[in-house]
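Letters A, B, C and D name the chains as they come in the text, with residue numbers starting at 1 for each one.
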Amino acid sequence: MKYKGIITPMLTPFDRKGKISKELTEKLLEKITKNRVHGLFPLGSTGLFPFLSIKERKTYLEIVNNGKGKLPVFAGIGSSSTEESVELAKHATDIGADVLVLMPPYYITPGQEEIKSHFAKVLSATDSNLFIYNIPQLAGTWISYETMLYLKEEYNQIKGVKESSGDMRRFQKVMTLSDRDFTILQGQDDLIYMSLMIGADGGICGTTNIMDETVRIYKNIEDNRLELARKSQLDVVNPLMESLNSITFPSGYYHAMYESMDVKGGYRTPMIEPPESKKKEISSAVRKALEKAKKYK
Amino acid sequence: MKYKGIITPMLTPFDRKGKISKELTEKLLEKITKNRVHGLFPLGSTGLFPFLSIKERKTYLEIVNNGKGKLPVFAGIGSSSTEESVELAKHATDIGADVLVLMPPYYITPGQEEIKSHFAKVLSATDSNLFIYNIPQLAGTWISYETMLYLKEEYNQIKGVKESSGDMRRFQKVMTLSDRDFTILQGQDDLIYMSLMIGADGGICGTTNIMDETVRIYKNIEDNRLELARKSQLDVVNPLMESLNSITFPSGYYHAMYESMDVKGGYRTPMIEPPESKKKEISSAVRKALEKAKKYK
Amino acid sequence: MKYKGIITPMLTPFDRKGKISKELTEKLLEKITKNRVHGLFPLGSTGLFPFLSIKERKTYLEIVNNGKGKLPVFAGIGSSSTEESVELAKHATDIGADVLVLMPPYYITPGQEEIKSHFAKVLSATDSNLFIYNIPQLAGTWISYETMLYLKEEYNQIKGVKESSGDMRRFQKVMTLSDRDFTILQGQDDLIYMSLMIGADGGICGTTNIMDETVRIYKNIEDNRLELARKSQLDVVNPLMESLNSITFPSGYYHAMYESMDVKGGYRTPMIEPPESKKKEISSAVRKALEKAKKYK
Amino acid sequence: MKYKGIITPMLTPFDRKGKISKELTEKLLEKITKNRVHGLFPLGSTGLFPFLSIKERKTYLEIVNNGKGKLPVFAGIGSSSTEESVELAKHATDIGADVLVLMPPYYITPGQEEIKSHFAKVLSATDSNLFIYNIPQLAGTWISYETMLYLKEEYNQIKGVKESSGDMRRFQKVMTLSDRDFTILQGQDDLIYMSLMIGADGGICGTTNIMDETVRIYKNIEDNRLELARKSQLDVVNPLMESLNSITFPSGYYHAMYESMDVKGGYRTPMIEPPESKKKEISSAVRKALEKAKKYK
């Protein structure tokens, strides 16, 4: 079985004091669902899981899992501590999250053997399905192709990869692992069109917290409207992402998400609220993206 | 006031099941104290703080603080979450740890403004003294010179820097912050001799968990026996470190530490126990270092 | 006007003593022409221009230009010295090469202003058309997007870009420079399919010295046989390239080229001949690629 | 035999049209000699050898060799082409240059075997002594420690290393090659004090084209005035270097050199003349360095 389509790496909406907001999270769920995405990925990097306590992570996952409707939930269970990932894996399994997503432990840079051991420990604590998450620019280490191959062959629970390195040469290599029971997802919005063209099953796209353009790219490719898809990528998604990333990640996404829902949300430390001038720039980039998107319907 | 000398970034001794061992920790404290170091730094990178729960970190700090004798305790309070660092700062202050040591939040790579905000939040929760900890190869981000200067000037509590980047050009730049109330410590054992020669106040040296050679380097420089100090660095410390680091950090240190105390300790996942062949290599390197050390007494 | 299609960055065939072989070069030209490429690019990186004297470069260019038939010649005029690039530009223009290809000066790493000055000096010495060549992994410096935009707007002679960084995020940004008089070419064979799908005009593909698969990818995309093109990329070109690059670049290409023409050629120092075991591996990879290619006809 | 002391990597003075100026070169030789350096190194990176034709390189070397007085000349014979380095080696030997200095070929990144072959070819063409030159930030490749050890053991002509990587951990490793017939020189002015303290034989210091402070550091260490040497490093040399390098290397050095000789010199393309504002900044930094230098006499 494959997991197909565009999945939202959910932002974690905060209130003005920096606490997780159940109300805003439900509003975000509603919005994302309207954007016709194919799945939800709470507690990934964009969701700022390293800023949250274990308790908060569990609470947030429960809110999302309760509000998921028909969408599968990919629960981020990453941690620098194997024990913590084990605990999160058990909890996510208990409450009925559909898939777990695990990255290597970070800060203390592991070798490939340590990565295998980390995955083994987590997998032995759950019978859930699990995706491998490669994001070296944050985790500080690459999961090698050989390690991915090993994990795929060793564990039936492992069903796919979220490849977020941004390196398309690497992405093509990872694509050779693709089979009818193993899913490859692109983790970078600006590379989604070419990844789908090369055979990826879908993507985990942060901009779906704000607008649905990557979903359209996916559907347009399904329907063989390649030129429309290509233009969405180059003219809509890429300039939007460039603007969102023009300030320390991911505060630009948070501003745009709050604004798109017309709410006042907060910024959990150490993330800081963008200055007004930067907010205006980003708001303007979002408006432009929405306008240009109309052209490619 | 300056903090002078060699400080031990304490390993966290585990039992065979990977739990913190109070017994082995007390044994290690005894050993380190005999090595005549000038301070203790529990819960740094070598101490594997990211593998421990908050509760474990507090427990471990209490064990060390109770057993510190006359040595000052530098308590590592690093976290990817500001709230967690605040909680750890309060606890360390409450139990009477002497100094706090704080790095930037990690995984979600902060900008310099986010780093300043992280430090501000932690400092507002304690009146303890604090050291800035720069370790970009693990934290994933540099604390810029300008940020260090800003923090030093803004907060009286900030008393120094642990500079562990390993870049001596950078180290010299950081040295320009040195004054009679601001301490600069080298965080890399193999660079301690040249750092002291350039004016550093001391070092935080992982090999003091195993043997006392960096303490001797420090004392030999104090007593103007430079040639002895230089040879200790090149012939004893550097080959030892090369061997300890010939396997994924820091498992080599753990093996050597357990062996030097003649105990059987454990390895907390995701750290894995070195294979026998590698253990033998490291044991042999330690023996050689001890033998050569006799020559430079 | 656009330059469309697949261009061969020609290897420079040497005799057994390491001298340029006119005979083998003509044989290579014949072979490449049969491969139905759309242009010739002598004296690029694969052509080892930095190993040749100015005199040799001129001689080689003349051989290629004389044997080009109906194919346009893109003459590599790169050098660490502006004066040398000027001299090569004049010569290439004089003998009737169709387009010049210029990279930044290298070794002494230039800033963007130095790059602009280098291009200005060369352009003032010729009225030929010119392509910008970005290859930071060898040149040691990036030509920034802003510099490319500046050069494009400032000089009518500049007709396109060879973007060889291998970074597809960057490639998409460069694609925004594309217009009906400005050509964008991908310089990496393993990224040619996705680059064409994103709108690139063609590619400069080293494997066309050995086999014609990237030409087929190009034609299959033109004819909307995307699935065939995609499979050629993943199953034929990528494994071949991986094998060719499994030894210090570009000696693997030279071995495969000589073998595919069934001749004994040489290796100009500092390039060294691959060991026999490596030659066998590469020969085997070429055979496999040729066999698999039959499936995607 | 050891080569001891501070050697000047000579700038190549140009006239206003960018041609090598014999007159200014002789003036520079006079100045450097007054600065009491222990050797001359023409045609290194600071000397911009990659911007010069072979003929110019020979001419320049002859000027320097004729004007060397009692100083040994270390002739830079680096090239991206082995044949060119061979030709330069022969010429330098013929005219009586004292030592050759060779880096790996660049642009086409060699492996370690290619580096060994490059050195072998050059050494077989001369009986001169030769230094290995490691400068990965420009050459694009590291000469590994193992390759250095191999070259040292294989060839009696190889008499030392110019280690310019700026990595002091690496420098210490290279120091283990030091013996009474093998010289280790530091190639970075700002690391000269600590390198000498760790046992280096001397340095190749670009600021000696402008002022003599690194020579004083060397002599003060010889005379055991360590505190003076240390302060020269931190207060005089380092801020000067920071200013000289605040613009694309090495135009800041050229401006300061011309000004210190009170002449009007030129800038060979692709190097461009610094803007007036930057010149003023650099001039001011030089004046400050000269003033502070008086304090540490």
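One rule holds in what follows: a residue touches a chain if its C-beta (ideal position, glycine included) is under 8 Å from a C-beta of that chain, and two chains touch if they have at least 3 such contacts.
Quick caveat: nothing in here was measured; it's all calculated off a predicted structure.
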Going from chain A to chain D via touching chains takes a minimum number of steps equal to 2
Centroid from C-alpha atoms only, then distance chain B to chain D, rounded to Å. What do you get? 37
Among the residues of chain A, which ones contact at least 2 other chains? none
All touching chain pairs, where touch follows the definition stated at the start: A-B, A-C, B-D, C-D
Within the complex, which stretch of chain C touches chain A? 166-169, 172-173, 175-176, 188, 190-191, 193-194, 197-199, 226, 230, 233-234, 238
In the complex, chain D touches chain C at residues 45, 48, 50-53, 80-84, 105-111, 113-115, 117-118, 121, 137-140, 248-250, 269-272
